[in-house]
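Each of the two complexes below includes subunit A, the first together with subunit B, the second together with subunit C.
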Partner chain A sequence: MSAIELELPVISDFFDLPPYGLPQSQKAQMLVIRLRQLCWHHYERCVIYRRLIERVFGGEDALNFERLEEVPFIPVPLFKTHALRSVPAEAVVRTLASSGTSGQVLSRVELDRETSQRQTQVLVKILQHFLGPRRSPMVIFDRKVALDQPGPYPARVAALLGMMPFGRDPFFALKEDLSLDIEGLSAYLARASGAGGERVVVFGLTAILWQALVLTMEREGKKLHIPQGVLIHAGGWKKLQDAAVGAEEFRQRVQAVTGISRILNFYGMVEQVGSIFFENPRHYLQAPVYAEVIIRDPITLRPLPVGGVGLVQVLSAIPTSYPGHSLLTEDMGVLRGVDDPTTGMNGRYFEILGRVPQAEVRGCSDTYPTQHSTT
Partner chain B sequence: MQRYLPDSTLNDVELGSQGPRAEEILNRQQSPTPDASLCPLKSPTGDFRDPIPDKLHMSGNEAKPGGAMAGLRILAPRKSESPLADWLASCRFSNTHPFAASRIQLLGAFSQRILKDPILRDEPSSVALAYYLRPANITKIATHAQARAKLDPSVLWVPCGGVFHVAPANVETFFIYPWALSYLCGNNNLVRLSLEEQPVTMRLLECLNTLMETEEELSHTNRFVTYPHDPEITRLFSDWCAHRIIWGGDEVIRVLRSIPLSPHATERVFGSKFSYAVISAMSFQEADEATRQQVISRFFNDMFWFNQMACSSPHVVFWVGTKADGARAVAAFNPLLGAEVLRRGYALPPQLSVRRLSQAFELAIQDDVRVDLKHPGFASIDVPQLSVLRKEPYGGGLLHHVQIDRLDRLLEVAAPKDQTIVHFGFHPDELQSLAFRIGSRGVDRLVPIGEALTFEVVWDGQDMISDGLRKVVIRC
Partner chain C sequence: MSQTKLARCFAEALGIQEQAVTDELAYQTIKEWDSVRHMALVAIIEQTFNVMLDTNDIIAMSSVGKAKAILAKYGIDCDAA
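Then we have the complex of A and B:
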């Protein structure tokens, strides 16, 4: 790789490509070039990234990879302990933080204008694939004040902000106390569908939709009528898994209380902007052309073929302000297939099986845990 | 996940003050204490209990319902004929003969039970335990001790009496070893186990319980209990015992040491430890293939049993030799160890993989080291010089390699927390000389590669048989 390639502009219309149009082989060829650019870009601008390339991956040679599987990765938890940035502090326009339970250390990533814009551009492409170009009335399962808090934006708010441009006249369905505003919502839906049965987009985090929509409506014995709606949800399934609620049951019960049959889940993380993996018609998560997924054996770290369960690595063509273009996550997943003609969507598709349990630190020190310990 | 009670009452314990009497503590009515309201594990009925799996809720073994000892469970024997307070009163002293043949036999019977247990017999650390408890080995230990006792005929060895053990939780089989030695010495034992549910521990208790059904003496003289961190209970047991043994991290020991013992009691504590390997780079290089393979196989046991989280698990290999020899040896060692990981089908939990990777990357950010992720099951960290080495027991498959030109460079890093050195390729004189020169600075054991986790009577520098006995001087 030479400086000349670095100077090249982004492969002319890479971010204008349809998200699921390219067959895997072509996609990989283009993405690998972009990722080489990104690796060199961060290597020359981020001291910590440079150290990692030199000390973990054996130096510059590691940046001249030919295959996506050879792209050096960094573990997601590093964003909790280090400020990784490849642009001057002044260039940062937005800081995102992971959502976490109180007391947890949060991941932080910093976006410059370019990265932020590219993220929006990619999100537009992906959402338009599912929703078409027209903007619809949008119901957001959160409180309006969620948007008012000072930055850094938690992941939940970042997701909202990303989603809001695709709707119009948004309605925030949760009251101040996080309970469902059923009256307000019913009135909003009546207004929206009154004008000739317009499609409504509903968005929220999985756990919130479960709590505030499904369980609330079931408890109250009420039903909403959103026949043409599309419900988009993202975020952890842990609470649902604890209640032994699977994806299929979630969809059924959402449909039962709302009438919505089109329910789309997506997987993404705050540490990697641009990696938005939407559910395909078979309910697997589909990698768009701007992002990729690799499943690695937890013991050997070798990439696994279709069907193998392992740690999820995600790649993204987006981030230039921080080295988040290749991350090893703490999630377990399994690759399900590539270029599926039955869905008409190209690229890899996969499934997320959940977060690995919190690593137990079991030294000799857990005989008599003190106040702070949990084992 | 289990949570422990906040230790809100610890600060109220005044050193040296007269504690409440046993019956008061054992029988006191439970008041709605702050502990109870803070307990995150209240059962749906609001019942305040520590999270013991159902199978441990053994009838007849719970303290009075609603009593402040509601958190305490007797795990073995299954049926205790008397309340714990009575047991404490009756078992404070012992005049059993140390090394009694009947006790050696019982440990042997226990060993047999372990080997017959359908789960334990396939579990390597339990098999090792059973092997340790077999009569031949225990007799050897006893004979050795008796020979020492005879050296001074004017000293008679008697049991020290009641021994209170606070067992470690990280190595499931481990609570048995110190208990067995103390039992062999003729003592009565009260063993406090962690609340954590651990399958191997449960099975071992099951074996003990079955044995206790027919062996009254065993059942009379031992109590295996668990309870949440309640300083009042610990204080009571500490006041009862003649010898207290605490296994734990340094923090735990600091907390528990503030709970006073009877003025006549003794104590042995086992704090956080750090262990490593030393290998002669030249010897490893020149060894034939079979020897090398043996070294690797044994090192695998040392490192990966208990996921590199036991006190004796090595975290560093010091390669003694020239820089070039060291580099060549590491280059040969790592792939062989990786192959061994695959050959053994070692599957460490994925969370440890995740943690290991993060720690390896953190180290690479902090220090000028070289990380190698190519090997299955472990991350190799090449440390360019001794001064860069962090002696932290990360565990979970993080292996540091450091080249040193002479064995005695270890003097620069030896510290009180150093426990086991496993070695390969050195003359006994070199090891003697090293231990002598390190002196009181640290290092408790220098043993051949493969023996890191082999329990022995002398542990962390202390003789546990001697600890379990009182020496009575008799001159006529």
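Then we have the complex of A and C:
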């Protein structure tokens, strides 16, 4: 057991809890204890976090909260301007970076061994709820070289690595030039289904699947036959929103070209890899026991009840190597309900409505002069 | 060391010397054993020992010793193999 885990004994087996098993009231009780410990942990180890708590939230008293809504939060853009780390540099085993378009400043988060392994553990736990423990043939909508790059992993690759334990002999569906390898994919699928109609898991970013799978197959007038398929996708809808493609249309057109009826979206960010929000059967995003969502009024930042549209705050029980356990995102969302008996999944569920226009998100990152991360 | 077959799997998947493969060798404690090569390791072990590991096995396989324990679950004695 690591030093960090000895310092944070918390609730035994918290990370072994079933992701959607606890009713909200019980979950909140357990999660708030863990988050209080994480807040103190980072307060004592990360100078920038400490200054933020002191200047914006009034100091240590802010860390003695009793409710999830009272957990201090930091704005996501702070990860673009500051190197936030709560462990010595030599403890870092991997750096993740947001996959921004060129010219954008990237968010960077640094993982130590514990945080990295906890991310994997939680991600696997959540995915097992949908896929079970077994592994399947897997089609990955990326290039094989995505895994070879040195340096910080983009969020895209981090997500892909999280999926990998569920794949057996995965097939990378994109060629060097990012076009779809239709022949290779067809051969792979024939081989996979030849082995007894096995389930095939397809994974990719929403925008890549739209471009490389849906539009390519439609243009070529071809169809794949993956009746046992499960397609998992994540990542921004922006390009699709610009093209006025909604979630429902995305699912229909994916199904039309692949035969896959089980299509699952998840919402997550590079600053909180692991504790992702998976789509429930009603197509709302469901908070697992290891994470939470709070919707806040964009002006007053007060928490909003079910139905209120506001800024999305995400909480995660995972990170100890960087203070990413409570983040105010740049996304707008709406809480849709809690503990839904119709889906059998406990916890809050919500919907993402899109990005806040750039200029509106200032928040407490303005408290500090901008300095680029040098790590 | 009598764990030759397993040591060879580790050496090949991680690109390290067989002598470096001890029971205590743990995931992410050397730069060669990262999550990408972990999956290569899983593939080689499955091929070599003709087993199918599930996702729980993959995340539990955090050291050479753990790998032995997991294979033992499938009736494979690495120290004898």
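One rule holds in what follows: the second predicted complex is superposed on the first by the 350 of 375 C-alpha atoms of A that agree within 3 Å, B and C clash if a C-alpha of one lies under 4 Å from a C-alpha of the other, contacts with A are read in each partner's own complex, and residues count from 1 in each chain.
The definition used in the following text is that a residue touches a chain if its C-beta (ideal position, glycine included) is under 8 Å from a C-beta of that chain, and two chains touch if they have at least 3 such contacts.
Please read all numbers here as calculations on a predicted model, not as lab measurements.
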| item | value |
| --- | --- |
| Partner chain in contact with A:Asp169 - subunit B first, subunit C second, else both or neither | second |
| Touching partner for A:Thr343 - first (subunit B), second (subunit C), both, neither | neither |
| Touching partner for A:Thr95 - first (subunit B), second (subunit C), both, neither | neither |
| Comparison of subunit B and subunit C by subunit A residues contacted | B |
| First, second, both or neither for A:Ser261, with subunit B first and subunit C second | neither |
| First (subunit B), second (subunit C), both or neither touched by A:Gln228 | neither |
| Doubly contacted residues of subunit A, that is, touched by subunit B and again by subunit C | none |
| In the complex with subunit A, residue positions of subunit B that touch it | 1-4, 6-7, 166-170, 194, 196, 229, 246-252, 255-256, 270-273, 309-311, 341-342, 346-355, 357-358, 360-362, 364-365, 368-371, 373, 376-377, 393, 395-396 |
| Subunit A - residues contacting subunit C, complex | 93-94, 113, 116-117, 120-121, 124, 127-128, 133-135, 147, 161, 164-166, 168-169 |
| Residues of subunit A defined as touching subunit B within the complex | 48, 51-52, 55-56, 74-75, 77-78, 81-82, 298-301, 311, 328, 330, 332, 356-371, 373-375 |
| In the complex with subunit A, residue positions of subunit C that touch it | 27-29, 34-36, 39, 42-43, 52-56, 58-59, 62 |
